[in-house]
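There are two complexes below, and they share subunit A, which is joined by subunit B in the first and by subunit C in the second.
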Partner chain A sequence: MSSPALGSARRPWLLLAPTLAVIGILLLWPMVRVVVLSFQDFGLRELVRGGAEIVGLQNYRDILTDERLWRVALPNTVVFALVCVVLTVAVGTLVALLLHRLSPGWRTLVMMAVMAAWAIPAVTGTYVWVYLFDARAGFLTGVLGQLGLVDVATQNLFTERGWFYAIATLNVVHHGFPFVAVTVLAGLVTIPSELPEAAMIDGANAWQRFRHITVPMLKPVFAIVTILSTIWDFKVFTQIYLMPGGDGSNREVLNLGTWSYITAMSQNQFGLGAAIAVLLTILLLAITAVYLRTLFKEEEL
Partner chain B sequence: MRRLLGRGGLVLASVVVVVFSIFPVFVMIGTALDPAANAGGRGVIPSGISFEHFGRVLSQTRFPDYLLNSLIVAVVTVVASGLLALFAAVAVARFRFSGRTKILMMILIVQMVPMEALVIPLFLQAKTLGLLNSLLGLSVVYIAFSLSFAIWTLRGFVAAVPVELEEAAYLDGASWWQMFWKVLFPLVAPGLVAVSVFSFILAWNEFIFALTFMADDDMYTAAVGLRTFFTRGGTDWGAVMAASTIITVPVMIFFVAVQSRLSSGLMSGATKG
Partner chain C sequence: MKRTTRLLALATATTLTLTACGGGGEDTGSGDDGSGEAMDATGETLSVWIMEGTNPDATPFFEEVSTAFEEETGATLDIQFIPWASAHDQFVNSIAGGTGPDVAEVGTTWTPEFGDAGALMDLGPQIEESGLGDAYVSSVLESGTYDGAVYGAPWYAGVRSIIYRADLFEENGIEPPTTWDELAEVGDALKEADPDLIPFPIPNSTFTTTPFIWGAGGEIAVQEGDTWTSGLDSPESVEGLAYLESLVEEHELSTPAASTWNEADTRDAFARGEAGMIISGSWTPKSIVEANADLEGKLGVVPIPGPDGGMSPSFAGGSHLSVFETAENQDLAWTFVEMMTTGEYAEMWGEQTGFFPATDDLLTRLEEAEDPLVAPFALQMKDGSATLPVTPLWGQVEGAQTIPAMMESILGGGADAQEAATTAADEMNEIFGS
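Coming up: the complex of A and B.
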């Protein structure tokens, strides 16, 4: 494609130079730095004076032997993420199937509402859910009280780990399903309508058509939305941190993201915090790799 | 046609989805307008309509300063990342050079790096460089995190511009830079709009870096500044919701603006070219 008029061999590198500098300094170097930090004893003294002692695997040993990892942070991260991913993909897919069946007028209307759910920033969305579940005046606390699920007079839902994460799940699923719905819908419109019609003539019911036509044809789409949702839901930070107690004041609701942040930023244990961040990233990479492998394996068959 | 749901079922399902989707936005705006927002009721229907919370937030608090900070950070991010990404996109779409594929892959892979994992090293780096409590320091981080998507999107737009148009410009005696500004730039403008919306929303909504970098409350962005309405004496929910509405409205407008693009083929749009 390159024509001689396009100039010297140096031009593409000149054009790329600012981008490569930004990526190198702000993404690649910090990636190296966070790994190095995780092997260092880096506290307030090192922050002020510079220089840090290498302590080998001490930070990792501290974390892996901390019962807070196994009892609190890991379950709060993994179970929460799995529930969120399943619910987000299920709700998003159901909404996509609904949108696909609607007439253009209705579809535009529902799509606008779904966009509103997508557009609400994580920060403001979280505050709205906190307001709705407020112990003294929350509307949804009141509804739960009416249903007999909560004792409105004495209970504060945010102090209980189960309720805390149920509310966070509602928040994350509400914020995440529009992406799944829009992406799956974009896939649904590519399926030739002859296929489900032929299946219907052969007597397939709606579930069978979904299971044997839609799912196989949209497998790459489902893979993408599942991988992206998994990555997002494992590293949820803002939605947890902004809930009452999520900023570290309630140790029972820490997840890996908030634990790493609070360890580094509030307790000035930057090495330890970095080690937690590295563990979280390794967990993410491992899960993505497993997904991709199963995906490509099935492709070969 | 045999149907899973009848017409009534479809309408009911649509209503459920619409109500669930807009419920938080409805509550946010409703509470912002409700003069009794801080009275401690359990309702979600406003008791009246009043703009007193908006008035208070905009005239008696620091929130307007926080909005301005957010706006400056977002504009710097949009302009700088758009420009850098356009340069890079032209390089990878218009030139063949050794290492081109490797660079494209590298740009794709760095997009996978979670922002949250880099907050600790970037905080230490920014501290060393004196970039804490600086709008520029925060913008630079957002530029880095928005570049990858911007380059991959713009690459498709640049590739779609016919090379003949460039050659015609050279025949008219234009230099490469003149061609770039007069021919390429206007033709990829729609792509620039799309990536600008993306990086604006990223910078406008971001929380963790804004929280970490801005210790000085003069420098809060709007998203972080909401915390100032939560005090020991209680929460000024009317102010929280009025300020949240002000933060959310520009994002909603952008989403509606790009809605047709998003719904008419997120995938095809992103991989075009």
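Coming up: the complex of A and C.
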């Protein structure tokens, strides 16, 4: 009409402006700040008095040559995240399949139980698990002792890296599977019932139907839940930090998140802490990119 | 206990981070010539951070202080209680965001760090003007002094000794230990008398570890000129750590769970009647009895024994009251600090908390009292106490949890004392830059 190309080119930006401003302030600015920090020698003194020195890549060099990164923080982060993602998606999918087969009444009941696990805040959930595995009075420690897996008289599970992360895995999977279950269930509902019926007539068993119908149909859903779980499980902080020894007194159980926080906030080496955070982000982006590529390789995106 | 405190800490820390947007205050009227008496600050508010848990009846105490303060100055007090466990992080967060209080209770080992960073005001001139330079206990004043500036006014101090179950000792004919060998023997005897009892839990706490390092003649760190060097890996320190390790591994006087306990967890276990002896502060008998009234009259206190008699020095901790640089009315802040650290309220605080007031005349009065739950602590304070290195870098060593990490690898990780001490010393030296 009256206002031609110019107006219509500007209008989308005008409409986007408020959103972009909010994202810019809340998301981009802190990110930029962290990246800038990671190139500075920034301590408490600089925080109060200003004037930080730019040290280039020194922080990154310090971290990449730190034995703690390669022996403790990185393996703890990566192995823990991979195990958690696989377990979360597997348990979530199984629960979704169960929910899909249940009658509406039972489905509501199971759904409520699942939601309860989801609704528990991470902090509360962590304390419950810590309580259950307490070395002296923990119920589950007692059970493990009865089974002969743990020597209750001499062991404190939280001091052992393997057990520590096993407990953390339980905690994180328990907290994370409901999201997967609900999302996958939503996907399952969209599969036209003709497909599995036809397959059944052709003699496909349950596994074959899952493998050749459900999985391909739900590929985008699996992609989403896997990526989100990966992101959550890589940057897990609360659940580790709040466990005994997780706040830095047990060096064997540091992961990238807690290491970054402790370095920055407890030791006031904000530059170094920021560099760890940046590395964690890069690692996360790399893994997500590789995963997306392999997932959609065959299909033209 | 620990759980709720941490939870609260986390919540508070989050809130602080989220609201960290206020601007720094301006100095107003710091050049006036009036004395504190004529202070009129009607309508102003002084925000104060106090550590939680020092005084079990903190609320009525501060209500009284608030009333008196308002009468004197017209200003109202806004007191917030901060849990110790998260206090250091919270200070850092608030300094970062310019959301700090006007006055805060600062742990003596943190004062040089925050002072050096420029967050705290030099109280030297005010202390001199009020003639308080000689009134404060000198060691506590020194721990707040760095580079000639006084960043914290001594408020209270405390020391740790061994609190034991006098009733169990009496029943089994056990005498309180006076040497390290006796300490182990007493533990063995308690274990024999009641196998369910934890004779002497060793938590993962700097304050439980350091007496044994000092007792054996070791040092945490030594200063030469301007640089500090860790003394954790010296033969003496390692001997002390090895002794501590032997209490756990050979004599089995502790419990595996204790390797992830802090002081408060240990105290809780003792209050539940699960432990025979613990290393605990002069301020704790009261709260132990308060937590479990059955223990009334059943407690005993003995200084931490030295290897062959005498005492193992124990950490003399305490708190300063510091004024933040961002305080809007620094004179008002100092009026509050002076009121709290001297005279009536300092004495009342000491009585209610079991801490020693940090002025000489008040301390002398306590030494002369012969309360069996106070006198041994006073003795330890006078003749068997030591302080941690007074350097701004010490806060970083604490933040890095160097000593807890060392204890964790000894108690939980199965490393031997020498190995763990060497690792810890290297880490400490890296922070000291030596």
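FYI, the second predicted complex is superposed on the first by the 276 of 301 C-alpha atoms of A that agree within 3 Å, B and C clash if a C-alpha of one lies under 4 Å from a C-alpha of the other, contacts with A are read in each partner's own complex, and residues count from 1 in each chain.
We adopt the following convention: a contact is a pair of C-beta atoms (placed from the backbone, for glycine too) under 8 Å apart; a residue touches a chain by one contact, two chains touch by 3 or more.
Keep in mind that what you see is a predicted model, and the values were worked out from it rather than measured.
Participant: So if we stack both complexes on subunit A, do subunit B and subunit C clash, or do they fit?
Facilitator: Clash.
Participant: What is the contact status of A:Pro75 with respect to subunit B (first) and subunit C (second): first, second, both, or neither?
Facilitator: In the superposition, A:Pro75 touches no partner, neither subunit B nor subunit C.
Participant: Classify the contacts of A:Glu252 with the two partner chains as first (subunit B alone), second (subunit C alone), both, or neither.
Facilitator: Only subunit C; A:Glu252 stays clear of subunit B.
Participant: Touching A:Leu26, do we find subunit B (first), subunit C (second), both, or neither?
Facilitator: first
Participant: Look at the residues of subunit A and decide whether subunit B or subunit C touches more of them.
Facilitator: B
Participant: Pick one for A:Val123: touches subunit B only (first), subunit C only (second), both, or neither.
Facilitator: A:Val123 sits against subunit B and subunit C alike.
Participant: Given the touch rule stated above, what does A:Gln155 touch, subunit B (first), subunit C (second), both, or neither?
Facilitator: second
Participant: Quick one: classify A:Ile262 as touching subunit B (first), subunit C (second), both or neither.
Facilitator: In the superposition, A:Ile262 touches subunit C alone.
Participant: Who does A:Leu44 touch here: subunit B (first), subunit C (second), both, or neither?
Facilitator: In the superposed model, A:Leu44 contacts subunit C only, not subunit B.
Participant: Can A:Arg101 be said to touch subunit B (first), subunit C (second), both, or neither?
Facilitator: first
Participant: Identify the partner contact of A:Pro196: answer first if only subunit B is touched, second if only subunit C is, both if each is, neither if none is.
Facilitator: neither
Participant: In the overlay, one of 38-46, 56-64, 92-100 or 380-388 from subunit C clashes with subunit B and the rest don't. Which one?
Facilitator: The listed stretch with clashing C-alpha atoms is 92-100.
Participant: Report, in rising order, the residues of subunit A that make contact with subunit B in one complex and with subunit C in the other.
Facilitator: 47, 123, 127, 131, 136, 238, 242, 265
Participant: For the complex, which residues does subunit B have touching subunit A?
Facilitator: For this pair, the touching residues of subunit B are 1-5, 10-11, 13-14, 17-18, 20-22, 24-25, 27-28, 31, 40-44, 84-85, 87-88, 90-92, 94-97, 100, 103, 106-107, 110, 112-114, 116-125, 127, 140-141, 143-145, 147-148, 151, 163, 166-167, 170, 176, 204-205, 207-208, 212, 223, 226, 237, 240-241, 244, 247-248, 251-252, 254-256, 259, 262-268.
Participant: Going by the contact rule set out above, which residues of subunit C touch subunit A in the complex?
Facilitator: These residues of subunit C touch subunit A: 3, 6-7, 10, 88-89, 92-93, 95-96, 113-114, 116-119, 204, 255-257, 259-260, 325, 395-396, 399-401, 404-405, 407-409, 411-413, 431.
Participant: Mind listing the subunit A positions that touch subunit C in their complex?
Facilitator: 43-45, 47-49, 123, 127, 131, 134-136, 153-156, 158-160, 238, 242, 244-245, 247-252, 262, 265-269
Participant: If you look only at subunit A, which of its residues touch subunit B in the complex?
Facilitator: Within the complex, subunit A touches subunit B at residues 1-3, 5-7, 9, 11-13, 15-16, 18-20, 22-23, 26-31, 33-34, 37, 47, 95, 98, 101-102, 106, 109-125, 127-129, 131-132, 136-139, 141-142, 174, 178, 182-183, 185-187, 200, 206, 221, 231, 235, 237-238, 241-242, 257, 260-261, 264-265, 270, 273-274, 277-278, 280-281, 284, 288.
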